[in-house]
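In the two complexes that follow, subunit A is the common piece, with subunit B as its partner first and subunit C second.
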Partner chain A sequence: MLETALVSGLGSGSVYGLIALGFTLTFAVSGTVNFAQGSSMMLGAVVCHALAVGWRWPYAAAVPVALVACALWGAVVERLAVRPFVRRGSDAWLMATVALGIVLDNAVMALFGKEPRSLPSSLADEPIVWGEVGVFPLQLLIPAVLLAVALGLHWALRRTGLGLRLRAAVENADAARLMGIDVVRLVALTFAAAAALAGLGGILVAPLFNVAYDMGTLFGVKAFAVAILGGLTRPWGVVAAGLAYGLVEAGTTVWLGSGATQIITFSAVILALAAAPAGVFGRGRVRV
Partner chain B sequence: MIKLLLGVAAAALCLILPGYWAYVAGTVAATVIVGAGLNVLLGLAGEVSLGHAGFLALGAYGVALLELRAGLPFGVALVLATAGAAAVGAALSVPALRVSGPYLAMVTIAFGFIVDNAAVEWASLTGGASGLSGVPAPMGTRGMAALSCGLAGAVLAAWAWFARSPAGLAMQAVAQAPAAARSIGIGALPVRTLAFVLAAAAGGLAGGLMVGLTGFVAPSSFPFSTSILLLLVVVVGGAGKVWGPVLGAVAVAALPEALSGLAEYRLLVFGALLLAVLWVAPGGIAGGLEAAWRRVRRGRALVVAPSGGLVPVRGGGLDVRGLAVSFGGVAAVAGVDLVAPPGRITSVIGPNGAGKTTLLNLISGFQPSDAGEVVVHGGTLARTFQTAQPFAGLSVLNTVRLGLLRGRWRGAAPASEAAGLLAAVGYAGPLEALGGTLPHGDRRRLELARALATRPAVLLLDEPAAGLDAPDTRRLGEVLRRVAAAGVAVVLVEHDMDLVMGVSDSVVVLDAGRVIARGAPEVVRADPAVRAAYLGSGAKPPSARRMAPGAALLEVAGVRAGYGGLGVLQGVSLAVRGGETAAVLGANGAGKTTLMKALAGLIRPSAGSVRLAGVELSGRPAHAVARAGLVLVPEGRQVFPRLTVAENMRLGATTRRDFLPGPEIEAMLVRFPKLRPLLTRPAGLLSGGEQQMLAVARGLLARPRVLLLDEPSLGLAPAVAEALLEQLAALAAEGMTLVIVDQLADGVLAIAAHGIVLGGGEVVRAGPADGLRAGLEAAYLGGEVACSTV
Partner chain C sequence: MIDRRGVLLAGAALAGGRVSRARAAEPIKLGLVAALSGASAKSGEGIARGLQVAIDEVNAAGGLLGGRMLELVRRDDESNPGKGQAAARELIDREGVAALFGGIDSPVSLAIVPLANQTKTPFMGVWAAATNITRNGAEPNYVFRVSAVDVLVDKRLVKHAMGTFNAKSLGLILVNNAWGESNQAGLTAAAAEAGIKVAGVEKFGEADADMLPQLQRLRAAGADCLVLVGNAAPGAQVMKSLQRGAWSVPVVSHWGISGGRFPELAGSWAGRVHFVQTYSFFGPQGAVGKRVAAAMMARYPDVKGLGDITPPVGVANAYDAAHLVAKGIAQAGSTEGPKLREGLLAIDRHDGLIKSYVKPFSPGNHDALDENDYVMVKYNGESIEPVSG
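After this line comes the complex of A and B, so read on.
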């Protein structure tokens, strides 16, 4: 029982981690985030469902197209809900991204319907059974994907020209501009990448749950909690925080029931922020 | 008053309306109440809460449980539930005080989810997902609606009163300019806690009224989207405006009625509406109406008879002993002694980077010191800021009244006294003008009046004349003399040497964090050590290099630029031919760095042209200017501290396709051999001189057509600065086109063929290098007015 819960906790924790990595990317370069990352996650799952189930595309085609759609969406969010406000020196981007997320959620509801739908996957049909523990292959794939993404990000930031430019922009945006780096475009790029990462999380988790227009809200909120606990600018801190969050959540559910889980985990988030305002796994921006 | 009357009228109307409409009116009124509370948090304190529905739920469940389980009457239950919500708000403000922005948003979201889930889970108490029904409301729907309307009127009246009360003004001051608020004694902590408590109490009250209206509460009554809707109410209506929540609540309540066929898409419309308001009308509906109203009403000025003005102070003074602080191993202030006697103006001068502003921050406690002590005799200390920090949304009069209150929430702050101070500093504009709309000179005067309002014994001024024209500067000098004559110990940090030499009783000269001279103005001006600190050693003869023939490669004509409303450059022109080195000289604050930023595209010139080989670059973003071949090595080097030296160099060549990392980096290591063993070190660990070499190497790897260097010798030890200048001379000899800004004029003039001298944002001299040296001392240290030979 506990083992099964822990495996599923590792799975949802990995999805939090994927979405939260997106938060760290945009926050590091621009000091802003897409507060509606949950909607990006939902978009990935919904587009994938529409292509794979509706139009019967093979997953090999549906998944990349869904990810591209998410990336485009992320760039749109940056252009419409972040850039205009940052230019004005206003922090209304926080509310504006929330608003744009509401628009997307409800537009999807109008097009896709209110009813949750299932996304079939051969990876979530037959559990692998070890003794008394049954695990879907997908549940093992999700943490593997998170680790692969985190490693890939780590490598790309250190070993590619784009990664170097990104790190330069993080350290000193004005000096980066003096090097001829188009920081505005880099920021848009990170928003696109963040949305694609969230979309990937949505696609991976969809066969285990369901696809619905409002599936992203709670995931997005928890992923943001994870990002903050992980330190917002530290990718590995965020990965660790995501997995820890998923495991704690699964453990609490087993011992105390599913309802208590959210009370306890969210209380833990508040207490953690009160005790360590910069996040548990890192340092962030703290009010002076 | 009008709010109360309106509330009573609406209440009376509720009693005669048909039941459904009374219910709608009651719901709108409850929304107005919670909106007014959120308007304290968002509109006055500037904080976003994304979990405010949690307070509604607390109030609603509180009333329902106290009535059903404890058998209390509705009125008592409502009061207790409101108090309970306020207490929870106070508890929640503890984490909220320590974090802001996205972190605070997370805290409030988490709070909302906790309340929501607790309502479901604690089924034995709350009835679980099906909630509690049959909550008695003693006065029926109409009575409850009337009560809600009456209370909404009262809450609005209270909001309007609070926004103008000392605590409300302090709250806005903290939100708009935290450092300035702190400088006049306003503590951020109590102010922010109060904002949370008030917002929570209003939420609790509204929740209690809602349960009275419906007789029913369940977790589904207050979903996550309610919190977003509440934000919408405040933002659409107009954050920080008393009528904002009313307009917002009516819009939010009326829209579903108007869109009844589109009920499904309610949230879609709300989301789009919120976005549209944020884009086009950040002030909301009320903000737009108010702006229109101000235009109509213009001309009716607030008239207050001034009284008081400058009040004599006795026995004050400042004693600073051995003050020191270092940043990352570099001593910014290294054991400074300073005595500022009462009734005297003591000026602190020194070249860029000498540690003047750091010294002010240490004295005023804005920065903790490593060693030394600061003693203020006979009263308190006040300060102004290098960049004026007005409370943008507060009137001039209220800003000064806040100063008079010195952070207290009660007590007298007579308008006449505030007006008297404003008159004393020479402010002649309208008293009701908002701080954010003032022209630059008035911002400076307001800042001075705000500081004086705290009745300080010691007044610290950080470049009060920056950006002022000559007549304004003269008037400022007169005001400062009057302030000193009233017995205040004035400490003046200033670049305008005519002002400093004209008004000071004594002058202290800092260089590299140490006092290198002190005494009467004329003594200091004649001191050779001071001249060397400002102009360089004077050992090298100016360059006899001839100007190159031919057309200009870089052509700067009539460039004007500045920051916000502050114009710094007043039309600067400069032409540099290929292979030439040009010097840009001038005293601190003359506009040299602003010119470099304008050329590099970091700030956008408001007029004039910047042409590189005939191509217009003015108005292009910085990265495009760099790609075109005009590359700036910025002031303070600005290497990427956590990237390695090699990575920093590679970034220099970002835009080049023909970059050959191996041989080109090797060539830089030949040029700057000191960098060779440091190649894999993070650049932040390098010494100042090494960082400057790296910054030059990084700039060179871009293969610039013209390389701009801003203060390359700033903060370097003399020997290091000399070595660097030799490197630059070598570059010039190789035919590189250079524009060098440096305060140490002698070193640069030894390289440059020609140059310009800036003063007050204009070119005051231009010509061959050997002709520029004469007259520079006057430009740097005051005295005879530098005459224009342009």
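After this line comes the complex of A and C, so read on.
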């Protein structure tokens, strides 16, 4: 039972973490998020399915192209649904990003169809079995990808010029601007990266689940809860919160039954935030 | 000499004649509210095809009520009870349908039942199997069904688990909605009646991605056979989770899994599930079976063989249901709801696809099929084939 909770929890928690890292990136730099992260996740899976299954591209080509499509989508969200509102000092980007996500979901529904489809993968075909516990290789890959992405971000933020500029923008956007840093472009870049991260989550989870126009909705909501829990601006906090959320979810189902899963998991989120309003792994005041 | 009043009367008579001739040519609309999109879209397509083939036959034979043609009006409920109820209301109020046919989702059908009874519109279920769809307590009851009934399916599933898999302890894995509830009650009662233990009951959501935790609970509780109640997409997740957990336990299932792309979504373990249907186009076929198969292949280019008539249960139930409604209209001599209801109750005999119906409906029984009409099947690739036992 414990092994099941660990395997299931770490797998789903890693996907929540990947999507939630996207929230962190954009919030840290611009104080805004793309509430359509769930749609970005779906876009990654759908484009990958269209290329790999529909056009029979090898995954080595389909996955990068799907991620680029997600990144472009992220940049479009920033340009159309965030920048115009932020410039006018309005918080309407909240609604605008949700609305744009709904537009994307429905556009995909029209193009891709309403029926869920399968994304076949040799990594989700034959499980590796230890006693009563089996895992698909993909389930081991997902947490590894999450950790690699988090480490990569950590390194890039500290060791690259782009990372330095990003950190400067996070520290003080006005000062960064005066130093000649193009903060507007940086913000667009973080939205593109955030959508690509969500798309990566979608591609990774699709062979275990399936591909559908509405697959991102629940993942998006859970990932946002994870991002808040993790402290929004703390990448490692978000990673830890993602894994913790997945483990609590799977553990509740294993030990208390599926009827208790959503009640316990979301109650735990509320309790955790009541105890630490800035997020369990967060610091300082909450900005809303 | 004709006076002014005479002219008016003659005009009225002529106009009346035109009206009655127009009415003779006016089609009789039959409504379908089913999942035509989403994870269960295949079910709606199968139902629509079964209805259409029957309607084509009735129309080719000259229609009903003096030459009026039947016309199918389809609406997508998206498996959503609210949308289904709104679509049913629109079909009744605006399209003026004589009768409604339902789809795969019991929650949607249960939402339409009160509307059908209030508006006195006969509602014919052709897939959704929740017991209380037809046994809804209304008097008069306008809801009929040519499909399985959960309480009877549950008995059959328990019997199959015990007979074919020598099950001693059942694990129930059910969708978390009204349909799952209906079967939980039915399966628990059927297990008690058959003297078999229920090791545990677990639920899953339609959009759940990982059922392994629920399955491990059933495994730990000692289940030696699973009974699955759910539609194709989550049903496929159950099989994928079983595969992941390397638990090769036998699975018997209600027929929801046959309403979508189960073989594609479930992958290599799809063929392990034994599930219930009311009809199989494989095996020896009667005259009606041969005729329907030929008509399906002639009308739908994607139907190239018997295995392409999917889901067979949707096609077969809908085909027989449409003919029974047509017979009810002919019997009633009218498309008015109360008269059609009486017409359906008065059908004496009908040689259908699934069986020869003798008094299919009576005041105490609005279900035309019973447990003797069920067959157990499994997937072989995309085809559905009977299993013995």
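Heads up, the rule we're going with is that the second predicted complex is superposed on the first by the 280 of 288 C-alpha atoms of A that agree within 3 Å, B and C clash if a C-alpha of one lies under 4 Å from a C-alpha of the other, contacts with A are read in each partner's own complex, and residues count from 1 in each chain.
Everything that follows uses one rule, which is that a residue touches a chain if its C-beta (ideal position, glycine included) is under 8 Å from a C-beta of that chain, and two chains touch if they have at least 3 such contacts.
Fair warning: this is a prediction, and the values are worked out from it, not measured in the lab.
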item: Which of subunit B and subunit C A:33 touches, first, second, both or neither; value: first
item: Subunit B versus subunit C as contact partner of A:175, first or second or both or neither; value: first
item: First, second, both or neither for A:183, with subunit B first and subunit C second; value: first
item: First, second, both or neither for A:123, with subunit B first and subunit C second; value: neither
item: First (subunit B), second (subunit C), both or neither touched by A:103; value: first
item: Partner chain in contact with A:259 - subunit B first, subunit C second, else both or neither; value: both
item: Which partner reaches more residues of subunit A (counting touched residues only), subunit B or subunit C; value: B
item: Touched partner set for A:95, first subunit B, second subunit C, both or neither; value: first
item: Intersection of the subunit A residues that touch subunit B with those that touch subunit C; value: 217, 257, 259
item: List of subunit C residues in touch with subunit A within their complex; value: 37-39, 41-42, 78, 176, 202-204, 207, 209-210, 212-214, 216-217, 219-220, 233, 236-237, 240, 243-247, 260-261, 264-265, 267-268
item: Subunit A-touching residues of subunit B, taken from the complex the two chains share; value: 48, 50, 92, 94-95, 97-103, 105-107, 109-111, 113-114, 117-118, 120-121, 224-225, 228, 231, 235, 264-265, 267-268, 270-272, 274-275, 278-279, 282, 600-602, 621-623, 626-627, 631-632, 634, 638-643, 647, 650-652, 654-655, 698, 702
item: Subunit C partner contacts - residues on subunit A that touch it in the complex; value: 1, 4-5, 7-8, 11-12, 113-118, 120, 124-125, 127, 129, 132-136, 139, 205, 208-210, 212, 214-215, 217-218, 250, 253-254, 257-259
item: Residues on subunit A engaged by subunit B in the complex (per definition of touch); value: 27, 33, 35, 80-81, 84-85, 88, 90-92, 94-96, 98-103, 105-107, 109-110, 161, 164-165, 167-168, 171-172, 174-184, 217, 221, 224-225, 228, 232, 257, 259-260, 262-263, 266-267, 269-271, 273-274, 277, 284-287
